[in-house]
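The same chain A turns up in both complexes below, where it pairs with chain B and then with chain C.
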Partner chain A sequence: MEFIYYFGDVFAPMSFMLLLIGTVGGLILGATPGLSPTMAVALLIPFTFQLEAAQGLILLGAAYTSTVAGGAVSAILLKIPGAPANIATTLDGHEMARRGKGARALQLSFLASAVGGVIGVLLLIFLTPVLSQWALAFGPSHLFWLAILGVTIIGSLESRSVVKGLLSGCIGMWLATIGFDDIMGAQRFIFHPALGGGVNIIAALIGIFAIPQVLNMFAKGRNDPNVEVIHVQKSPLREAVVELFSKSRALVIGTVTGSFIGLIPGVGGQIAGLVAYDQSRKMSSTPEKFGTGHSEGVIAAEAANNAMVGPSLVPLLTLSIPGSPTAAVLLGGLLIHGIFPGSDLFDNYPDVAWTFINSMLVGQILMCIFGLYVAGLAARVAQVPQSVMAAIVLGLAVYGSYSVQSSMGDVYVMASLGIMMFFLEKFGYSAAPLVLGLILGPIAEANFIQGTMIADAGDGRMGYFFTGTLNIVLIAIVVLSVAYSAFMELRARRQMQQTEALA
Partner chain B sequence: MSRIQHILPSGLILAVGIWVAWISFTREPAGAFLFPRLISAAFVALAAWTFGKAVLGKSRVGTGLSAELVRNLLPGLIVAGIYIFWAAQALGFYTATTITFFVLLSLYDPAPHGQPSTWVKRAIITAGYMAVMYGLFALLLKAYTPREILF
Partner chain C sequence: MKKLLAALALTTATLAGGAAQAEGYPDRPIMMMVSYGAGGATDFQARIVTMTAGNDDALGVPIAIINKPGAGGRVGWNWLATQAEADGYTLGAYNVPHFIAQSIQGGVQYDADSFEPIANWGADPAVFVVKADSEFNSMQDVIDFAKENPGKFTYSGAGLFVGHHIAALQIEKAADVKMAYIPNNAGGAGAMKAVIGGDVMGGVNNLSDAFRAAEAGNIKILGVADLERSEFLPDVPTMKEQGLDVDDASVNFRGVMVPKGTPQEAIDKLAALVPEMFKNDRIAKKMKDGGSPMKVMNREEVQAMWAKRQETLKELLAGL
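On to the complex of A and B.
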């Protein structure tokens, strides 16, 4: 129960103000279609440079939590999910809004998000210290395999093509090797002076997540989206609370599904929302109402996508392995303050770790309160033309990448990686494994080199890296995750071929 | 999406993979390239597999680039490229950002270009955005930004 000692730090004036700014800003950014939670958090990192580590993380954590919830506003009022995590919310939420129940849909979505989010963060609070102790047993070979696992699991599960996902991970790991070798000081792959210090991780994150979205907005041309916003009437909050708990089955299914899926590295909020929606429909006494504006659909989807936020940080805070692209961006936020998460995080920086986690808990409540009032404003911001949004994000991306080291070289790296990622995505390569490769590459390399030295002095490399229960378990998970994804991809392709043949 | 659209990017990635592997396996000191060797071996194997599938016409993932997409994208990409790779440094961050913002807004704003009122609106939006950017970065955060010819 150590976390209780650090609750007061969340309410320090500066920390609480940042929590409010992150929450309200995140709600508005989340409601804006095209601005993903990952991109919002990446663009915010440069603003944390002048803050203390805990304060910076409070801002990033609040933005992460509320962008996921804020996406429900545009999903319900505009029928455009603010983020992939809100796709399932659109199915019933927008129908509710069309039937004049927009306010009720928004209230239910924020209330369900808060309940799911609080349970998810509690899971993070109680699981993290236990897993941190367990992580002490990890040696260099295990950490090497864990880093490889982080890349392969996201490469295979997050991509529509397993091979392209893994290839993206390899490209990310190669990018991480650019610069000077840490041990011998040798130059590696420095083909431009801007790469002399290696690929700066913050600049890379901003480029990979922000620039493709800017270019995607350009690619839509001068089309007027002609989005109709459904205006909402006032609705008593007390009735929404009663309805939420009367639909407790959907709430429980959403929360449990989201929490469980959040723990699995590589499986994001989009999957959590859709799986919870599907399970809730299957177990509902009125499954035929789903898709026609049924409140259970909104409750299950929103509880799930916020319940996964806390557990998705467990692998990051215990094993220093980010389980999702947003967790990878948060890792970047930790690294710029010289904090490296892992088994000793709670021993060395308990104030930073617990203040951050506690702020996420308080942030869930604030998100619920402000969400109900900011929804109208957020829906109006969501209508901002794509041209304005693209120009704003471009300016912020340039500022953000320059401000890391006051270097135009970082801006060039940011832009080059962003443009490269835009085209790679068009050909089926994913950003998530590339970023994970970039972040986990140095961890994998450091532990590989250290492991090699230990192995050369003892059992030999094969014996050191391929034997031992933990090594075998980790290797088995790597192989199984790739095999499972390959099997699912082949099955989907066969089904598509059969459908085409029948047509 | 045509076969050539799969072949070109996968061929390019394979070429990069081969270059990475060549450097990793030929440069000294070997110890500094131990990890890159491991990565490049997987890189080349996966890139060769992807390229082979593309050549055989079995690549299906990805939407590719349509002529319309390229037509829409190109003006914005060129303006953004000039801004990032030249103007931000040569003209100064705030000047370059103002010009870029206004140009991008004019290029992609769906409002008609023939009406003077739409130009006034664009100018006001640009001025508002720059006021917020300057107030936030220069005055509040006191962040250093490139300030060459102008500001």
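On to the complex of A and C.
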């Protein structure tokens, strides 16, 4: 309960002002395509040079929490996920916005983010010692199986066709092999200098999601300037709250999945939203509604990616191991003030550590309040005429992919992947499995190679990858996940045959 | 936000600037490319050591950091060697032995002759670490185990052709043993996680990161791959003291360089001012607080160090 003692520090005038700046600035940065939470925090670090340690961390903590939530804004309104964490939000969120329910989607996403986020931070406060052991339990073989589990989600992510889902996933995995190989330094498929560092995930995200959108908008706009004028429905806050709690199953699944997957170093943050989305669909009573603008999808995805924020810092704060790129940037922010995270952090610098954590807690609430305040206004974006919208999104896409590492190369990657995706979508392939392949490919590959090297030096590959409780549990989940997808596919096919027979 | 916008504007101004004017140099902000991601050790140190650049007794103009990460630094150094404007307003951070080892390995568009060194700011030696509850207490224990079980001792490092890998090669060569070096794809932090999590039996890591992990009680540091003991770890013996003929070839030197073709006046001015700038008290304090060992070297010293590394690494990597 020590953290309550330090709550006062968060509300000191200067600290609270920084908290507000961090939260509002973070929301704006997060909503800008291309500015991922990692970038936003990195951009802010130089400004903490002038501040005291606790105040600097308040700014960083608030910015981290609100950029993650802010990413939902562009995911819902523009179908451009601001960061890998927001991919799952696009699936149902953007469908809702297209039906004029953008305001509701944004409200639900901010409310779910706040619930998930607060619970995630509370886990960080109360269970850190237990959780840090869990974070360490994942070695190369386990991370490999976890990535394979992600691959099984690929097949079922978009309900239309398992085969096409897997094929898109394979394309994504192939794209992930481009560049210098992480471990050996071998060059693979580098046919242009822009690809030396591989396909940048943020640039790819923007291209794959935004460019097909833009092309479709231009195509439609030409035929009929008045096509699809969306009536934006007003959404009273009370109804949104009621809806959130009536969908409590998605909220619980999202929060739990996000918290636990968020802990796992190197994997968590990126796939928490997608795994939660997939799980809540599999456990939902109406799985067929997912992907058609179903609010449960938004709730699960956003609860998960904010629930991940707190636990993702556990390895950093207790073991000094940054578990995610954002945590690595935060480590820099701590070191610059001479604060070494580690198991004795809370004894040596209780004021800094607790103020930082409290600021994330208060930040979650402030983020929710501001988010709800702008949700109604932001949803009007859907009313912008298609041709104008297309130009704006295109501009944002170029700006966003350039700003990732100030390189035109990323803009070319964004454009060519986007055009490729436009044609792939015409043939019924979808974007989310492709991106998931791009994210999971390197994780699976690197851990497989490291695992085999360790296994070869030790007790053999079979023993290394297939024994041990955690390995077996993960393999079992993989098998169950595949079996479930196959079962659903068969059932759907049988139902179709029956309806055809009846007709 | 205003400060942020100002910083962005500054960066844009730096990018958009035209050719250099030798007289009055520098008269506008300078950009420094860091070939690792924001928040990494190199980026973090680069930001500290350049924070006083705008002072009148330093360059008088600010230095803006631009990150071009990817492929273990190759992306950024390729860019600096081939695309950056050699006008004195574009600097780059170097990591030795990384970029020299990569140029010997091949497949990149640079070597030591593509750049002109300006000054060195830091030296982070590689250290050998094991988990806190490990049975190994000295390098001798590790070597004994490796002699009895050839190829069975697994140890992590931040990849191939980086300081950690060089140290690993030197240790194996000096002790004439075969061990299993497991390169990690998540850099020094990933390699450290592998040690603390028990995925591997030991590891080579940065002194600065290992120092923190040891303070936190997670690991033991068995030896330093440098010529002298470190002021951060006065009780940890060097490899040489433990009978292993390992020199400072793996020490991660960080400093500032410019692309070849930069006007000589600009190089001379930077070479005179930058080492003095690094000696600022505020910088020294921030670096010490962050657990980052400093070592300021001037242009001539860095030139000699590069040449020596080039030779050692060529010999060491020839057998691979």
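The rule is simple: the second predicted complex is superposed on the first by the 266 of 503 C-alpha atoms of A that agree within 3 Å, B and C clash if a C-alpha of one lies under 4 Å from a C-alpha of the other, contacts with A are read in each partner's own complex, and residues count from 1 in each chain.
The rule is short, and it goes like this: a residue touches a chain if its C-beta (ideal position, glycine included) is under 8 Å from a C-beta of that chain, and two chains touch if they have at least 3 such contacts.
None of these values were measured; they are calculated from a predicted model.
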Which superposed partner A:L131 touches (first chain B, second chain C, both, neither): neither
Which superposed partner A:A12 touches (first chain B, second chain C, both, neither): neither
Which superposed partner A:I183 touches (first chain B, second chain C, both, neither): both
Touching partner for A:A444 - first (chain B), second (chain C), both, neither: first
Which of chain B and chain C A:S406 touches, first, second, both or neither: both
A:P193 touches, of chain B and chain C: first, second, both or neither? second
Touched partner set for A:S161, first chain B, second chain C, both or neither: first
Touching partner for A:A486 - first (chain B), second (chain C), both, neither: neither
First (chain B), second (chain C), both or neither touched by A:V388: first
Residues of chain A contacting chain B in one complex and chain C in the other: 47, 183-184, 406
Parts of chain A lying in touch with chain B, wherever the complex brings them together: 47, 50, 159-161, 163-164, 166-167, 170-171, 173-174, 177, 181, 183-184, 186, 188-189, 214-215, 217-224, 385-388, 390-392, 394-395, 398-399, 402-403, 406, 408, 411-412, 415, 419, 423-429, 441, 444-445, 448-449, 452, 493
Parts of chain A lying in touch with chain C, wherever the complex brings them together: 21, 25, 38-39, 41-47, 49, 136-140, 179-180, 182-185, 187, 193, 196-198, 200, 265-266, 315, 319-322, 325, 328-333, 335-338, 340-344, 405-407, 442, 446, 450, 453-454, 456-458
Chain A partner contacts - residues on chain B that touch it in the complex: 5-6, 9-10, 13, 16-17, 20, 23, 27-29, 31-36, 38-40, 42-43, 46-47, 49-50, 53, 59-65, 68-69, 71-73, 75-77, 80-81, 83-85, 88-89, 93, 97, 100-101, 104-105, 107-110, 125, 129, 133, 137, 141, 143-146
Contact footprint of chain A on chain C as seen in their complex: 1, 3-4, 7, 11, 15, 37-40, 43-44, 47-48, 51, 66-72, 74-75, 78-79, 82, 102, 105, 107, 151-154, 159-161, 180, 182-186, 189-190, 192-194, 196-200, 209, 212-213, 215-218, 286, 289-292
